[in-house]
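Next, two complexes with chain A in common: one pairs it with chain B, the other with chain C.
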Partner chain A sequence: MIPNLFEIFATPYLLKVPLMWLAVMAPAMIIFSPSQHLVTGRYILLKKWTMKQFIKQIMSPLPTHGYKWAALFTALMITLTSINMISLLPHTFTPTAQLALTMALAFPLWLATVVIGLLKKTTRSLAHFLPEGSPTPLIPALVVVETISLLIRPMALGVRLAANLTAGHLLLQLMALAVIHLPTPMWPATVAVATTLMLLTILEVAVGLIQAYVFVLLLSLYLQENI
Partner chain B sequence: MAGPDSGTEHQFTGIKKYFNSYTLTGRRNCVLATYASIGLIVLYFKLRPKKNPEDGK
Partner chain C sequence: MASKLQVTKRLLDVKLQELPPWLAAWDYSPKGLLRAVHQAWRCYHNKYINMKKGGVAGISMVLAGGCVLGYICSYERLKHSRWRKYH
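For the complex of A and B:
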């Protein structure tokens, strides 16, 4: 019987209730559990320091009136990072491998940056569709190409995150199946595959962190163009 | 004249003053003209009278 390799990406249900919302909210709730202490401790200081470094990195290219987006970007980064990290545990569900979630995050945020640009700086936003110094005969083609490039952005944003997570988790499952099902006389091969599996897990940790950062970074770049 | 392109507008004359790929307003006008042209072409093909096969007999 051929195992269904994509079963790990199916939304979990409990008594016919989908647990997607729990899978999305639980990681962030673990990190942001309310403190029992009035005086800050090491954990809260560490969280504050991490958030401060991230905000400085992401928000420094933006003008002052763009700083109101800092809370949204930080929350998004923490949510995506925590979801990606927790989904690396065995037998857990990966919400960010679902296109429904990644597109639901990417499309409205991208649309918000475009609408803000069109409303507040209409001339500059429209001028972005034509690169400066373009040759005159190429102007119509370049405008069409830049328009398509703009409309593709939310799809690229959502699919990039989902595809990276899906591919990584699928590879981990394939290698884990290989380690389990290889016969005992082939123990050198099993050791080699198990070593590769460990290295791949480390890579998946890096991919999870990087993809969350890239998602937020690209959104901040789109905002930078339009604010 | 005040504006984002005040330093460069005097380099262009005629239609190039409004449609060029160097100034913000020039680029904006080129983009709007391209969209208007595409819209007009689409409108033409939608509104043109469809040829009736009985007219050919």
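For the complex of A and C:
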């Protein structure tokens, strides 16, 4: 019986009701619920400290008038991190492995940075099409290359996140299948594959965190160029 | 008026004969259901997660429940992969 490896990426249904919206919203709402009390406990304190460090790291290169983007970047980081972490649990759905979600996040945010740059600092935004110190004969080619580089950014942003998550989950699924289906006389191979599976799971945790951070970091860099 | 008084009673205070009118007095509109879910989560969060010296137990129970829900959702697909003598 050949299993369909991509079934794990199908939208979950409960009694014919699609649960995509729950899979996208629930992780952030569960992990990052606000506190009802004035004096908080350890958990909320840990979250506040993490978010403070993240905001300081991401927003420090931006000028003061760019700080209004802090709430958006923090919310984006919280959503992506929590979705990526929860999707590593067994039998859970991975919303960020869907190109629809990642492109829906990447394209409008990239477009916002470009439009802000063109509206507020037109000359400076257009100057990015030619790097400083470029040789004169190469100028036409460089302008074309930089334009393509600019236009490919939202696709790269969206596809990077989706591809990393998809590839990671697929690898985990394959190795888990190998561990289950290897025959008993081949137990050394099973032990080796199971050890690799454990190491790969740790790697996937790191990849989930890093990809979420890279997504937000790149957006802040694009904003830095245009603000 | 009587139904509103019955709604304010806690479940353990409701007598068996009063149970059907107590259940009927609940707000079953989408807004009411959402409010009920939000209140249930708030109570759970304040009791098990938002403690002074909280641990992993509170959030682990929620995640375990999420795994169970995920298993229920994907059972239709998984039942074909069970260990069988003949496929």
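Basically, the second predicted complex is superposed on the first by the 224 of 227 C-alpha atoms of A that agree within 3 Å, B and C clash if a C-alpha of one lies under 4 Å from a C-alpha of the other, contacts with A are read in each partner's own complex, and residues count from 1 in each chain.
One rule holds for everything that comes next: a residue touches a chain if its C-beta (ideal position, glycine included) is under 8 Å from a C-beta of that chain, and two chains touch if they have at least 3 such contacts.
On a predicted model such as this, the values are computed, not experimentally measured, just so you know.
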**Asked** Does the superposition put A:13 against chain B (first), chain C (second), both, or neither?
**Response** second
**Request:** Classify the contacts of A:134 with the two partner chains as first (chain B alone), second (chain C alone), both, or neither.
**Result:** first
**Prompt:** What is the contact status of A:92 with respect to chain B (first) and chain C (second): first, second, both, or neither?
**Reply:** second
**Request:** Mind working out whether A:126 is in touch with chain B, chain C, both or neither, as first, second, both or neither?
**Result:** first
**Request:** Please indicate which partner A:143 is in contact with in the superposed arrangement: first for chain B, second for chain C, both, or neither.
**Result:** first
**Asked** Where does A:44 make contact in the superposed view: on chain B (first), on chain C (second), on both, or on neither?
**Response** second
**Asked** Who touches more of chain A, chain B or chain C?
**Response** C
**First (chain B), second (chain C), both or neither touched by A:31** = second
**Prompt:** In the complex of these two chains, what residues of chain C are touching chain A?
**Reply:** 41-42, 45-46, 49-54, 58-59, 62-63, 66-67, 69-74, 77, 80-81, 87
**Complete:** Touching chain C in the complex, chain A uses residues 1, 3, 7, 10, 12-14, 19, 26, 30-31, 33, 35-37, 40-44, 86, 89-93
**Prompt:** Given the complex with chain B, which residues does chain A contribute to the contact?
**Reply:** 122-124, 126-127, 129-136, 139-140, 143-144
**Prompt:** chain A touches which residues of chain B in the complex?
**Reply:** 4, 21-22, 24-25, 27-28, 30-32, 34-35, 37-38
